[in-house]
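You will see two complexes here that share chain A, one where it goes with chain B and one where it goes with chain C.
== the complex of A and B ==
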């Protein structure tokens, strides 16, 4: 080990002895530790890749929550209850981020020092994407039969899935510019699919 | 936890005390229902529903206030509705954390006598010459539940409970429930959502796995939750409902129908409060009868004037259909929200008395495409789940409940538009922050309005609280950045804190809960209701101090176990003495003595702690990795 290993040792808040900064529990006194500043993948014990196995994600999430959820600390001291709440909060944030392909992709890009800004709402800089979005939105708004909207909604869902595949391929090829570009595209496709689904629900309900 | 100043904490931090050891009495599960309440206790995984002398599990959530100051809860209170309607309160849960505008009139008559409150806030009722809040009335119900439990447990003290709430309860209603428990001297181990508690009971007893829906239609509330159940994990995927939709609404519709008939028959213009209450009771009897019968005739008699009312199943179903339709619409929205296909839902669990109605069963079966599971007692399953969770929290267990926020939380922005900070169906506990910038030069204050709900405009959502941040250093417009943090704990309760980011200033704030009780009001009520409020508080603080002290002793013992060789015999003696002093203090009842002994122990082990850190660093340098995977997962 080297100097960085030393930097990773911190005193346990409970027994004051050395504990790895990433440890969830002190190996000497057993006290739960704070969540620390680690990335979402590490927190859930996963490799930092875009492709993830949803079952494995849930398994890991459940496994960590089983140990760290506030329900496990109801009989413990106030400090331990507070730390467990922070741990469970951090796990939930990691789970919510990694579960969703759009959030996962954006998060992974930011980890790889290639951030995309998904909050910049409204403005689309890419003219091709802009044109495509406008046309599709119009088609959804104008669909006037349940059949038409059902078809458009299915198409939108397919495009979302296709875009996710392309993102996966871009990450696999190490093409982060392309991954970033596709992630922005995915954001709009998801929005479109949501709109189509909402309109579909409204129309089928009106028919009943 | 939070980095800023806590602005809105509907509970003071020290108020959720540590659950204590068994000497603190039994821990029960309480289903505090709109219509009926149930209490149960679990021991090693098997549950006993605690029954009254009459052998019944259900305690009607009805309170009678006598002119002599007596308070009676349950079946006899319900019977008193006929003789002294203005002394009886029922369905008070509908008004928890609600305002005057939420009180529903029946044929132009208020079923409650509402006390005007120019300041707004939580509604107040006038009953038997007293003015009472829904929190106090619920506390009276909880006291009766506690008494029933203590009697059934042969005098064992009951001081802790898991209390269930509708999943769709907003923050104000949850807080009001917790306040009521506090008034009744019951420590809430956890607020658990009713459908989640039902799923826990159902899932554990039948060891089911997969995706299930829980459809809970009681007297006053409707909840629908979709859960994934897997090897002791109960993960709520999505939830929805209506906190004021239930069998009561069907009773209202039938009562309105009866009253219209009566008014026509008797040629009357006005309806008295007595007539309204009696019509409601008759409507409910008729509705419940028609679950097992095709038709019938009922009589309403007030002031010696009788009227007869015939009703058959088809007519009842026509009156009930709009409400049942609403529940199905909500089911559809929640299923869609969860991103789960109806076909993937393996079963539907029915909870609540109103699911006995054939119309409800038919519509649920139709929507989910399968007959609902009814091999459970829909009246008791929520209390059973609560009891199991109470045992899990006090005695430990492997099951895990992962719940979500039922409603989005947000902040009012310019133009009365809501900016969502935490979306609905986010797993709890959760913390999220949003930054706001000042919009005027030299602006030193900012007012923040916290709302809950899904709509775009503030006016269409529920107001939770308003507060004003003061003491922002004057800056150019847009330069001041205020970070507002929302935190929702495992009870589903919200805490808001804020801080100005450029200067790190924590601002002064004034919080005004929209429909809650202020700390002052709570303090007054506690004083009024608890003779021993002071002693109670002291006891809680002492217990908290002792729990903390025992943790310190354990930590030192563990450290001595691994690194005891770092101390000389004399040093070791000093540490042992300090440990013994803490233990002695814990056996007593002086909180200050406990705290002092803990501080002394900390001093006595300071050098020891430093040597342990040194050794750790030396070992790390020598190549002993302390960052192994099992360390990370916990090496206890």
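== the complex of A and C ==
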């Protein structure tokens, strides 16, 4: 983690002068740089924490993307156009990962060498979580009035937010096992909230 | 990605949807979920005094492939012994349903669900849970 906080210097591909690995442009010759091998937080100039300032994230991302707009590179060499595009792609990936609390949590855990695999084929062995999710998915499937589904949907949304708070607390306390456990829980809660919203939309539409 | 005809058939006409009494001593319940999809699958078996699976039910909240995988497994296990049912492999399920690589985890889920249901039944009946491994080895 400390390594990412320290500005690492690499030679600029164009003038060979030193340039920070997270810099978009060389401060000496002004040439656009390729995306360095840095983590998503560093790329967007943020501290590697779960709790992030969404406004700052947006500001950083859109600020960087503006400077990489293709129009600015129309008259540049093919190499610079290609580099600016890979920078833009890397920034997109960083932004998409960090703006979503579930992806951010999983990503931060992998940065901290405590990976939780949300694409795992294997099944999870958490009977309490599974039982709870089974019951809630049943309740959503069986909800037969717009009021009932609206209430369940609101409950599911509240649980997603509560889980995010718990994840934040776990990271703050340095309890990565708990953070990993809660991240899998969040994955299920997000799915539950999605299902509830879909059913609510369908049901309220049918009532009209 | 298009679902195979068999997946569509099981999805549209799922076999053995429902529940058995999980408190009953001759019923084993397996409850599993995969982080990949955030889905949950419950598979239950009812075992005769002779150790044959007489009935099987499932309830799955998930995609078409997960529903088809669990539906197929309930069909397959009926009439089988516990050891035979425990030997079902996810690759057989995936092959039968022609699941694409991104949906293989659905068949893994179904295999884990039947194994969990058998383990639950064995626990209740006081049978050693690793019987299947011993028989296989």
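Methods note: the second predicted complex is superposed on the first by the 185 of 208 C-alpha atoms of A that agree within 3 Å, B and C clash if a C-alpha of one lies under 4 Å from a C-alpha of the other, contacts with A are read in each partner's own complex, and residues count from 1 in each chain.
Rule of thumb we're sticking to: a contact is a pair of C-beta atoms (placed from the backbone, for glycine too) under 8 Å apart; a residue touches a chain by one contact, two chains touch by 3 or more.
Not measured: the values here are computed from a predicted model.
Once the two complexes are overlaid on the shared chain, A:130 sits against chain C while remaining clear of chain B. Touch criterion met: A:141 reaches chain C, while chain B stays clear of it.
In the superposed model, A:188 makes contact with chain C only, not with chain B. Using the contact criterion defined above for the overlaid structures, shared-chain residue A:11 touches chain B, although it does not reach chain C.
Partner contacting the larger number of chain A residues, of chain B and chain C: B. Of the two partner chains placed by the overlay, neither chain B nor chain C lies in contact with A:166.
Of the two partner chains, neither chain B nor chain C is touched by A:103.
Once chain A of one complex is fitted onto chain A of the other, the partner contacts of A:118 are limited to chain C, with no touch recorded for chain B. The contact sets of chain A with chain B and with chain C never meet. Remark: chain A residues 1, 5-6, 8-9, 11-12, 14-20, 22-31, 62, 65-67, 69-72, 74-82, 85-86, 88-89, 92-93, 95-96, 197, 201, 205 touch chain B in the complex. Contacts from chain B toward chain A in the complex involve residues 1, 18-21, 189-190, 230, 233, 235, 329, 332, 336, 389, 392-394, 396, 398, 400-402, 426-431, 487, 489-490, 544, 547-548, 551-552, 554-556, 558-559, 561-563, 605, 608-609, 612-613, 615-617, 620-627, 631-636. Put simply, chain A touches chain C in their complex at residues 116-124, 126-127, 129-131, 133-134, 137-138, 141, 184, 187-188, 190-192, 195.
By the touch criterion given at the top, residues 31-40, 42, 59, 61, 104-105, 108-109, 112-113 of chain C touch chain A in their complex.
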